[in-house]
Amino acid sequence: MSGVEKQTGRARGEEWWQTGIIEMSPGVIRLRGYEIQDLIGRVSFPAVIWLMLRGELPSEDEAALLGIALGAAVDHGPQAPSIAIARMAATCGVGINSAMASAINVLGDVHGGAGEQALSFYGDIAVALDGGMALNEAVSTRLDRFFGQEKGYVPGLGHRFHPVDPRAPRLLELVRDFAARGVVNGRFADIAEAVEADVARRKGKKIPLNIDGATAVIYGELGFPPPLTRGLFVLSRSVGILAHAWEQSQQSERNKGPLPREWLWAYSGPPARPLPGDEGADN
Amino acid sequence: MSGVEKQTGRARGEEWWQTGIIEMSPGVIRLRGYEIQDLIGRVSFPAVIWLMLRGELPSEDEAALLGIALGAAVDHGPQAPSIAIARMAATCGVGINSAMASAINVLGDVHGGAGEQALSFYGDIAVALDGGMALNEAVSTRLDRFFGQEKGYVPGLGHRFHPVDPRAPRLLELVRDFAARGVVNGRFADIAEAVEADVARRKGKKIPLNIDGATAVIYGELGFPPPLTRGLFVLSRSVGILAHAWEQSQQSERNKGPLPREWLWAYSGPPARPLPGDEGADN
Amino acid sequence: MSGVEKQTGRARGEEWWQTGIIEMSPGVIRLRGYEIQDLIGRVSFPAVIWLMLRGELPSEDEAALLGIALGAAVDHGPQAPSIAIARMAATCGVGINSAMASAINVLGDVHGGAGEQALSFYGDIAVALDGGMALNEAVSTRLDRFFGQEKGYVPGLGHRFHPVDPRAPRLLELVRDFAARGVVNGRFADIAEAVEADVARRKGKKIPLNIDGATAVIYGELGFPPPLTRGLFVLSRSVGILAHAWEQSQQSERNKGPLPREWLWAYSGPPARPLPGDEGADN
Amino acid sequence: MSGVEKQTGRARGEEWWQTGIIEMSPGVIRLRGYEIQDLIGRVSFPAVIWLMLRGELPSEDEAALLGIALGAAVDHGPQAPSIAIARMAATCGVGINSAMASAINVLGDVHGGAGEQALSFYGDIAVALDGGMALNEAVSTRLDRFFGQEKGYVPGLGHRFHPVDPRAPRLLELVRDFAARGVVNGRFADIAEAVEADVARRKGKKIPLNIDGATAVIYGELGFPPPLTRGLFVLSRSVGILAHAWEQSQQSERNKGPLPREWLWAYSGPPARPLPGDEGADN
């Protein structure tokens, strides 16, 4: 049987794992068409992240703005379930990769999805702007729908713990700087601030932009689709997850529980009882 | 090109995923050679577990003893990192499968490996018995090595919380019953009790067998290799993990942290400081 | 400071991890009010699973039927992503618990949710029956809504690979047996068969019940809520996941990829290109 | 009861989650003592990673070199189990965070540990140098021990697929540039090249440095301890994992298996057989 013929089933197999991200042959690795050795040392880490996710290289300024968003959300302390899980896992006899995996895994819709929701919300308004609607009207219409049909908190606004999240105003300030230099156009910053202002009018008090709203502004300005922002948040928070897993692993605790070792949980179930059939038994 | 020729690369691909566990063709599923519809309703769940892991069906008694060990270790409460993680994950917006995965993932060498270590320890003694050594001597020799060269706790003995782990004596009692009926030979029970007695002599106080030691006895009696006992423990504790994830998911908490919401962690790092270069700045 | 006063913050902490599943004190472990040593050896493994999830002990027959469903879905071979992942993970230098976790984690809405969807679908029909509607009408109304507003495959019917899934008719036969003995009332079996018959009339060909439909019938008969059926599927498939991870770990492969080692993927991205700015360069 | 008294149990709880990484109070987030708003926009993403892991800010050059190593190892294609798992998981109905978690989880001792092993190996040699031994002698002594007592491949050398890994020489060239500018001292580069040369002499052919050896050189030059290099590799490869999960999620596949959908695995277990007791049955 010839090599050509053998190729057939193999070609079908290789096609099954088709990708446009990476190309390899012996001695050659190309990412999105670029030789890896051309990228190394000439393209920053955030620019590599961009290239991998978007297919093209960003400008240096775009990469810098992406790096700013990634650096801003690395940690919010061990009251966050993900960070606590990383620390607990690190005491259970698994590798640092597995401690990180258990933690990253919980960055779901509730813990990791706020930025995605905020960017979707801003995106709805951006679509209305593209259709010719004025900013205030587009925001007001979207908020009417939110308060009428949806529920909960307006995405990107407010924080359980911080009266003002110190990351958000600094990030918005930077977006304005980058917009002034023409790197981005500032539209998502306009939208986010208009949402904040409209909600303040409705509620009679300001509910300030939070980290999820502020990073959603940046990711929106840079053209990332909403579901990718969850992935970017994972890359960002992974840094804190690693730092906490590492710090914990340098200590001697074993099987770290959520509460101090000598404490127990409260039990709220049925009182002690015999098995059915043993009810009247003496023993 | 003929079908035979196309087959070639395909055959190589199919060979890559070779297994002796399951065979399928359209309308046919066989586990270890048995038609699935022959197994269903005639072979208990523990017997299916045994068949999948060992390749042959157990006797009904063997399956019953396996089921007893699996049922005994399902839960030890939310101070265990795995159970706490399951509950935390369930509040983060991930599916119940992912909540379970984050939890199961931490059943590593420290949290999930005690049974494996106990069975290896007993196995070393069993090898000495096979070589003709008397039980007390085999136990004593192994413990000499343990106290001389290894460190920490003797595998399978003692419990941080329970003076006597209530699961262990009941499990040993059942092993003795099954041995009396000839289902198992009781050798691992002998070994475990001899270890317990020898350690009591050395320490001057009894350090009783714990759940890991007791289930290791059962798994050893039933012929499971030590590393598989970790897998069996995962199957067992998965039940508690699921129960806790489910109970938690029926409540309304979001992003459940390890401590009550209004509490913070203690900070032990450097005090607040300016960035290098800003030290003398006014702002 | 007195013990009572110290207690306060501790009590708040302990309350934070409240559960109705397990109660402990030194030497005492109670599951749902039962002493663990009373359960061990007297209650089967499926009965322990039921107790943990439902809060009360099942009858022996109910436990047997639960065990039948759990045993039926343990494996469908390494073309299923979960099983392939378990095998790949087992070659990467992680513990068997972590190999299992990576695999269990992917039993999500698509891979693990079919039973949950089927039971929800049957449950909608059961609600209509409770309201006095006849079976055929309730089924037809629900299917009208499905074909009108929803899309894709009718939950619980059809199989990509098996013309008839050999597990399904055997499981239905057993449900009928248990119903004949009064263990369950057979209503979900009626619903599933009526759905199958109605769809056959609409399509002009029978699309037979699959494993997810059949286990959904059992879980429905036994009173499990739909989201818990995903958890039960995880417990069941975990057996196959463990068996495959174990079989793989007994071989010598390292970093097992999805395709034979000497194969590559097909690349579909941009062709090789220089970095921007290097376009005209000689090197 | 006074606030001070209530504080006691709470303080014990808060102490349980002590960390030196992050400090918070309402409106304030400090990482390693720095206000988050001071870091944002002034410190690059790699510098934030360094600060979180090491406790102090790096120089700009050190951060740049860290970023180079992180960018170099982002992807090696879907034949790597981690990347394949990310793609498979993305088709199973879980969030992108969970797809990433299942993949990151397998970066264990075999798949993710090579850099850690290489840096430990180089570190042993560095200790000998600190003790006054000459480079060639230190390398030779360590390699004697390796070939005498250990086994397998010399850490950091050789590649299954690439005759020369194109990332390694480029990374070494950059380390030399940074050493020439005094950012690092080049000692780990010297060690790695001396190891490569000594092995070439022993084997009679060059087995060139690979990506794990080259990044280990950088992490060693920058002062990272070996186990942290696994964590850094996770941060790096997470980028490729995210890119592949994302690319896959934009397609319509469901439950992507390792092989083309119409292929099966090869079965190597016992042939079809009846249940014990049914052997002579007619049906």
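As written, the chains take the letters A, B, C and D, and residue 1 is the first residue of each chain.
Here is the rule we use: a contact is a pair of C-beta atoms (placed from the backbone, for glycine too) under 8 Å apart; a residue touches a chain by one contact, two chains touch by 3 or more.
The structure presented is a predicted model; accordingly, all values stated were derived computationally and were not measured.
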item: Contacts common to chain A and chain D (chain labels); value: B, C
item: Chain pair among C-D, B-C or A-C whose interface repeats that of A-D, sharing over half of the contact pairs by residue number; value: B-C
item: B-C against B-D, pair bridged by the larger set of C-beta contacts; value: B-C
item: Chain whose mean Cα position lies farthest from chain D; value: C
item: For chain B paired with chain D, centre-to-centre distance based on mean C-alpha positions, whole Å; value: 28
item: Averaged-CA centre spacing for the pair chain B and chain A, given as whole angstrom; value: 33
item: Chain centre separation (chain B, chain C; CA means) in Å; value: 21
item: For chain D, residues contacting two or more additional chains; value: 10-13, 15-17, 19-22, 24, 35, 39, 43, 77-79, 84, 93-95, 97-98, 101-102, 105-109, 112-113, 258-260, 263-265
item: Contact graph of the chains (line, ring, star, complete, other); value: complete
item: Parts of chain D lying in touch with chain B, wherever the complex brings them together; value: 10-11, 13-25, 30, 32-35, 38-39, 42-43, 55, 57, 93-95, 97-98, 101-102, 105, 258-260, 263-276, 278
item: Residues of chain A defined as touching chain B within the complex; value: 1, 5-13, 77-82, 84-85, 88-89, 91-94, 98-99, 101-103, 105-113, 160, 254-259, 261, 263-265
item: In the complex, chain C residues that touch chain B; value: 12-13, 15-17, 19-22, 24, 26-29, 31, 35-37, 39-41, 43-49, 52-53, 67-68, 70-72, 74-79, 84, 87, 95-98, 100-102, 104-109, 112-113, 161-167, 169-171, 173-174, 227-228, 230-231, 234-235, 238-240, 242-247, 249, 259-260, 263
